[in-house]
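Worksheet: one structure, shown below.
Chain nomenclature is as follows: A, B, C and D, assigned in order of appearance, with residue numbering initiated at 1 for each chain independently.
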């Protein structure tokens, strides 16, 4: 395939789509499927048949449309009307009323001028809910692989890295390491064999950003990885994806096959000298495999236990070779950066945190779902304007970002801008994008206990502080929650947390105490209310009872 | 004024007390300087109040031990874990992986020479706790004398320092488990 | 290989840059406690006892897998490090069932010595008293999981030196356990050559010879240097080993 | 691509081994494909029996202890057969905040086993998942591969009861 062929393919697809008067997009992501969206698909098709519209209207399953709490969701294109809680009757009405007669079905329509939608800025999710994830043509029709084409035909690897560096994008997996810098390091390491690895082992409980991208727009990841491969000089990429995401795996497999078939992956991509292949590796349920050295071991078919760094994977990674590791959301940003230029990306967000971030908004909040917002947006805007605040009759207490590695942000810091540095300053982290809202009914000691329970279960067991320390931190939290702990126990808890944080081998252990430390920082009184004083010597003059044995 | 000293025997083999007796002629010296207000080797029924120093041998292994530990804490200025069982649980804690019922059966039935029977119907016999645990997990402990058993020299150093009104720093010199 | 100058505990030293900080420190009689490290097998950086402070670094660095750099200023026994080491040994003690008094390696035990070195007066966290078993099925040796500290020395020596890979680790987190072959009785292992290297390198009484009574068994780790002289010296700080 | 040695049929005559061999051949019997092969094996056999692990170890030329170590490291792999019905409760953060622990207690009470275990009559396995990614529907459970949102302790017990009351199938 040549660049011209790619353009032609895009035009063909655009022409094909133009033949339809409407495109009915039903959400086929896990959330909506579980409330019956597949049944709704059948209903829509049946209704269309009844009205003889089957040839004029296309019914397409898409990735996540965001408003997961109100599924099943159906979108009507080209108008962009979004319907929520579509049941069988509503499906029939959408066809009968909206498509045939014109007026939209008011009972189910979603107000997309609501801040939940209006305040979003979509780069990563731009195609989610807009295209059929199972057809490469649809991705190509919306400028897909255009960036890759430009890269392999017009740009030198150094220029690609420079463009990524200038965009200011930082790793979306949590730590926020500048992506361009990382690419530059791997490029400089001399080696014939290098690898690109995409971390799609989204393990943060309560986060499903990456899954939505993988399910809704898999080609975007392939394109980002191929660009990375070209830039650093790699010919092989791996996507490490969780086994818990069967649909994402299926779509990725399909996407890889399609891309290979049309020559966008494989040898001599777009008739250039660049060869790049991508293979899938399926995780098997280990949160620690999100840590890069553990992930590499897991790809190598071994126990996912981290090893000390340095050497960093950029120097010695997969099978000892220089390896570039980025997460899904990072790769998803690459094609738009190349396509639109680094200065376009740079202008989004704030200077030190550019671009957007996807969050999975959940917990005690009215509008749950997936949102993509510009970096630097105040937390208050996310929670109250977009999320609609906490349920009736309760008050906002805290928002947890960064999952088990992160921290909670209390009401007094609601105005914190959501960017890497500001979140660190209030004791949390950007993390991969989980955002759980807690209200006045949430007990913070319990919350800390929940996260610690998670961390102790997910500890790989290699280093002592994490393997044993997390068990004891959890035990102390249980003791405190049960009202059996003394002030001495609280002191020990804090010391243990600091020790585990500073001495653990990998990021899991080093960040495991964060939920405890951050709840202690902002909600210490909730701990102290549960404590008693340790018993001490009582001189006989003071005690009334003769305590004898 | 003589220091009021108590020694207590919880879940242990009494080896630590034997080691205490190994102070030999130093015991005479000691007798001039302390009053032994409570001990398994003294006929005192009730644990007194305002004890200056209490040495506790053995792990906390039954409900009586636990209750007693709290009493010791309230009534003693200075509590010392005396020997490895009090410090770590040690041999007393080796049964912790087993069900208490199995432990009782083994001790009172399988190994009995006469009248194999679990002595359950005596209210004076305290109920075994699921696990024998070190003293400091129940009460605040002020000092530790290690060893199984601690040597007479260790004990002598510790007691001497206590008599001088110092918190014994012996552990650094005499730190030895087992 | 290059020679670098660095400072450890206030002393200016020269070192080869392909050695580990631990090797350099030991050459200069600076004692850093270790447990998972053993001269002659690869390093895994797991026990965290050899962590040191390096000026200008935000994180503590394991001496066994960190290479000396020009101008590096290292502190090996600050109050913070001492406290952490004591806590780590305490965690280990709480994790197993270590009754020194009735252990065949009493007084010849590295864990015991570590407890003394770090001044472990008592264990502040509650003992876990796990329910672990003893495998006495091998004709010459005994594996007592109660005393295992999961340092993986046995795993590494068996794989790297003996080449048998009898041992590995099963499970995860606090449930990790050393296993032979398919988690089967050691005596029924077909891959075990009964060479006994694992027993000799075990720092505690987890792997012992049969028939030794309390406090009789001494471990011998020095044999390794006779076996492995053929290997290049720098290889020992390869951290990406084939362990497990 | 022809493999150097065609795998000999499994002596048990169990045809499922043919499927497994295919998966192994697909990865050229490479040791680093262990996790992929274990996935395939579990998909074919349902769980990873010792015999199966030995077979895989031999085919990939890996030490037995490594294969066992890997199989027990990852929670996705199970070395014991699952119950006839599976009740997978999501214990992700969103579900936790919305009260998954109450459902957990109710289910454990109802089945008399803990999560991670199977009832003694092999009818029901209680499994906890870290996040099934349907946070908007929290609390979520996956009942026999079917996602059920907005669960309550009552709805959980109701489902478990129907499973418990199903008559035993006649096994041949």
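The rule is simple: a residue touches a chain if its C-beta (ideal position, glycine included) is under 8 Å from a C-beta of that chain, and two chains touch if they have at least 3 such contacts.
From a predicted model like this one, the values you see are computed outputs, not experimental measurements.
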item: Target chain D, source chain A, minimum contact steps; value: 1
item: Most contacted chain pair (by C-beta pair count); value: A-D
item: Mean-CA-position distance for chain C and chain A (Å); value: 38
item: Distance between chain centroids, defined by C-alpha means - chain A, chain B (Å); value: 56
item: Inter-centroid spacing, chain D versus chain C (mean Cα positions, whole Å); value: 35
item: Rounded Å distance, chain B centre to chain D centre (Cα mean); value: 50
item: Multi-partner residues of chain D (at least 2 other chains); value: 66, 69, 73, 75
item: Sequence positions of chain C contacting 2 or more other chains; value: 126, 169, 171-172, 244
item: Chain B: positions in contact with at least two other chains; value: none
item: Each pair of chains that touches, named by its two labels; value: A-B, A-C, A-D, B-C, C-D
item: Sites on chain A touched by chain D in the complex; value: 30-31, 33-35, 67-71, 203-208, 211, 243-245, 281-287, 298-305, 319, 360, 362-364, 368-369, 400, 403, 434, 436-438, 442, 447, 450-451, 454, 458, 460
item: Footprint of chain A on chain B - complex, ascending; value: 45-50, 68, 70-71, 73-77, 139-140
item: Chain B-touching residues of chain A, taken from the complex the two chains share; value: 488, 534-540, 543, 546-549
item: Residue numbers on chain C that touch chain B, as the complex places them; value: 93, 97-103, 106-107, 112, 115-116, 119-123, 126-127, 129-132, 215
item: For the chain C and chain D complex, residues of the former touching the latter; value: 159, 164-172, 179-183, 191, 244
